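The following pair of complexes shares a single chain, chain A, combined with chain B in the former and chain C in the latter.
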Partner chain A sequence: MDHASEPATLAADGSTPATTEPMTAMNERVRYPLFGVGSLALAWELLARLAVDGLTPLSDVLAAGVGLVASGELFVALAASLPKLALGYGLAVAVGVPLGLLMGFSSTADALADTPVTTLFVTSVASLLPLLIAVFGAGIGFYVVVVFLFAVFHVTLTLRAGVRDVDDALVETGRVFGASRLGVYRHVLLPASLPHVAAALRLGAVRAVKGMVVGELWVYAGFGSLLHGYQRYGQTDSALAVVLVLMALSVGIAGGLGALERRYAPWHHVEGGVR
Partner chain B sequence: MTTLRAERVRKTYRSDAGDVTAVADVSLTVADREFVSVVGPSGCGKTTLLRLFAGLEAPTDGRVLVDGDRIEGPSPERAMVFQSFNLFDWRTVRGNVAFGLERRGVPEAERRERVDDWLDTVGLTDFADAYPDELSGGMRQRVGLARALAVDPDVLLMDEPFGALDAQTRAVLQSELLDLWEDRRTTVLFVTHDIEEALLLSDRVLVMGAAPNAVTRTVNVPFERPRHGRELETTPAFADYRREIWDHLRDEQ
Partner chain C sequence: MSDTRALTDRRRRVLLRVASVVALLLAWYAYTTAARTLLASPVAVAASFVEHFVVTGTLRRAIADALVHAALGYALAVAVGVPLGFALGLSERLAAAYDPAVDALYAAPVVALAPLFVVWFGLTPLAKTVLVFLFAVFVIIVTTETGVRETDRGAVDAARVFGAGPCVVYGEVYLRSALPSILTGLRLGAGRAIRGMVAAELFLYAGDLGSYLIDTAATFRMADSLAGVLALSLTGVVAMALVAALGRAATRSGS
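Presenting the complex of A and B:
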């Protein structure tokens, strides 16, 4: 249906302006994931109670989680782990975003950086851990480097792929309407890349949390020492509670970045936010 | 005064399979304030011809001139409207229309006034703050048209601008373009594969053939202005012209 001839009619067409998005669509965005998580939780509980012997029921895990909060252990772990995560991730973003943009924008930069970045991307960071300890010691520097290495290549390569994806026709359009060489970067390529920056940051954050846990399991600290301690003494419920906390941390950071994206790159979400 | 001129223009692209000739030996002139359409089958090089005038491509041989000066690169003096709209997704309707004025450093207050005027002209005032993805195809091309006209160009280059629209929307936009142009009379080079569209809008229709990709015929369109699409299209004279171009195009293929 096309009401292009009559803009006034279009305003009444509910599908058109984002501001009149039907409430049901909003609800679906919340309801469907909740349903998914709920089903999973129920399946876990039932399996543990009725079928699988070694599996700790979810309710026990949640109870252990309450204990984790009450005893203050969770906050000790958070205080120990979050600074490493923030530093490592911050560095990964500070390096990965400019590098990814540069590789996407310039074929020369891409040719220069492609081999080292791709090689390191496919290298297992975990296999480098002994080497990293030898170089950086077992202090905070070690964890920061592990988090950095886990995240930086994903940020770089996601962003490069996204920038490459920007339609050449938009660049030409920018030139036709008077954008200078520099103006094309500033007013076309950069804003067109912004949604890809957001995607790269989200992926990088999830990788950074993984890096943090791997580092802390290698040289016990923060969440790593919590996990290790509980597992060693058979406190599976508490160990799983820690795992849930870590999942929540990843989801929370990714969700926060998603909110930032909706605020600073709103055009990317006007059609249901699935692109 | 703005005239476009192509002198013995040839454009070839190198490819792995050998050179491809997109435009072979084309000479043409578009007079000041003249509306000229180029029709032809797909692959005849009509879009390449437009891109040469836009300054997005350089000719392999020959010269492409605006007011006698060789075209060195793109310029908002020769604004373009694209088949696939090419709107900036991250800008609102207002931001898209303002793009060219911003690049020219037009002061904010004046810019706003001019943008608002154009939004009013194309009937998008209520959608000034919407993003392109929220608009229908017809509305998007209205934005494309307003973006091009807002820079007050000497020449309007239009590359099958209504080719992606449904028939009804296309007819509406054609008649809006007619009104706009009869009001303002800029020099227009309009590429299309739609013979009726070319006859309805133009002072002159250039027919391009494939192999060789060259202008093989010029048809002067004498219909009086202001023109009204539906009435004009049903006249016997219109049908005669349509048949003439149609026959000619068929011979070219």
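Presenting the complex of A and C:
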């Protein structure tokens, strides 16, 4: 955030245009979202207190969330879940990124892999759960496979679409300036693809968290056992707190990847997954 | 000259495509005959699919039953998602305020709400419908928003200059410009709705479809189980193709 310090020095010079511009940027990035989230939170609280009987007020949910942290339940669930998530996601990235790049760059590879990848992409992984549990049992292998299957095809196909979009004119320019075939890959296609890799990784992370939750709900493990337990005793406040934590986990990982992207591939941002 | 080259190129790609599928099926078949494995052979899966989906029709009826909730939830998602996306696409301030919340909800694992739905709605069709709704609605909001926001403001101004009222500006200029993006959203939403339907069958309460998937796998009838998975994939593909075809028909009659 270099330009965060910039307005201060410019403001000292009394340069008004420079100070108003970052102010609106600040409005866009901080105040408006704050207002948006705040208004939704208020609406939730009021609806729960005044109108909808079964809905737990947000304040109770947040209190339950604090309790979840204090009792350590949250960390137990996180400690159990994160390794599965990391393994499955890592595997999905290790397979999906090379495959997506290959399919995007080479029409031969695309023709070979397109039908199986697209078929698996449209297959509901949830419908495979009963079968996967029968084959793998409830061990770590089951979760890793579920997370992997949830994420890998989204990573592959997002990346393929992105790489295909890389402007042909860029490649031509590279050729005109005398780049070799390898040089075009190294200096044109790879940097131009990197933002798409970032977008694919973000989307993949979101999908991986969904896979983890689906797997754990099916086996009543980790967050799944928490949620099922709260359901049994009607503790909707704690259950909603867990849902908020899972949402934060998903957004947090995607946001962290976004920050990495701004650091290492700042030349072009591709929307997708979480903006 | 370039025509014939494009033709042979396309023919080569079709050949590669067919060859890869045939090779995979053969490898799958060879693996299941050579190794002692739980995995069913593709022939057994196809036979089971024909038996349960076509001949006896148990699978077909189970999916048709589940589709009722899916269709309701999807219709609700379209009715809510398109107007919301329109509002967010039209107003920059609204988008600045609510985009982060929409993105967070889009990224959130909706299935985690299933245990809560059991508390709130009980084991009712309403719970399934709401779950499908939440599965489908966010992708519809986001794509509609993008389409509306990318509308050419010049066209909007031009319409206004020529005296177009709000009906024409929103119903014609914005809608027509955003339509391709909205249709993408509706198509993706249909796919999401089918996934939501499966999740509802497995995580809320099992109708015939959920029972089919669970029972066949629990008794290690792998071919039957995979036939169910296959039927659901096809259902998703058909649902998405149907929405796309309806969209194309609507676009053509509208212009």
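Here, the second predicted complex is superposed on the first by the 243 of 275 C-alpha atoms of A that agree within 3 Å, B and C clash if a C-alpha of one lies under 4 Å from a C-alpha of the other, contacts with A are read in each partner's own complex, and residues count from 1 in each chain.
Note that in this section contacts are C-beta pairs under 8 Å (C-beta built on N, C-alpha and C of every residue); 3 or more make two chains touch, one makes a residue touch a chain.
Since the structure is predicted, the reported quantities are computational estimates derived from the model, not experimental observations.
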{"item": "Partner chain in contact with A:K210 - chain B first, chain C second, else both or neither", "value": "second"}
{"item": "First (chain B), second (chain C), both or neither touched by A:S39", "value": "second"}
{"item": "Chain B versus chain C as contact partner of A:P130, first or second or both or neither", "value": "second"}
{"item": "Touching partner for A:V188 - first (chain B), second (chain C), both, neither", "value": "first"}
{"item": "Which superposed partner A:A161 touches (first chain B, second chain C, both, neither)", "value": "neither"}
{"item": "Which partner reaches more residues of chain A (counting touched residues only), chain B or chain C", "value": "C"}
{"item": "Touched partner set for A:T115, first chain B, second chain C, both or neither", "value": "second"}
{"item": "Contacts of A:S107 with chain B and chain C, given as first, second, both or neither", "value": "second"}
{"item": "First (chain B), second (chain C), both or neither touched by A:A254", "value": "second"}
{"item": "Touching partner for A:V219 - first (chain B), second (chain C), both, neither", "value": "neither"}
{"item": "Footprint overlap on chain A, where chain B in one structure and chain C in the other make contact", "value": "none"}
{"item": "Of all residues in chain C, those that touch chain A in their complex", "value": "12-14, 16-17, 19-21, 24, 38-39, 93, 96-101, 103-109, 111-116, 118-120, 191, 194-195, 198-199, 202-203, 213-214, 216-218, 220, 222, 225-226, 228-229, 232-233, 236-237, 240"}
{"item": "Parts of chain B lying in touch with chain A, wherever the complex brings them together", "value": "54-56, 73-76, 78-80, 82, 84, 86, 88-91, 99-100, 102-104, 123-124, 126-127, 130-139, 142, 147, 151, 165-166, 168-169, 172-173"}
{"item": "Chain C-touching residues of chain A, taken from the complex the two chains share", "value": "27-28, 32-33, 35-37, 39-40, 54-55, 107-108, 111-116, 119, 122-124, 126-131, 133-135, 206, 209-210, 212-214, 217-218, 223, 227-228, 230-231, 234, 236, 239-240, 242-243, 246-247, 250-251, 254, 273-275"}
{"item": "Contact set on chain A toward chain B in their complex", "value": "2-5, 7-8, 10-11, 16-18, 167, 169-170, 172-180, 183, 187-188, 191-192, 194, 265-268, 270-271"}
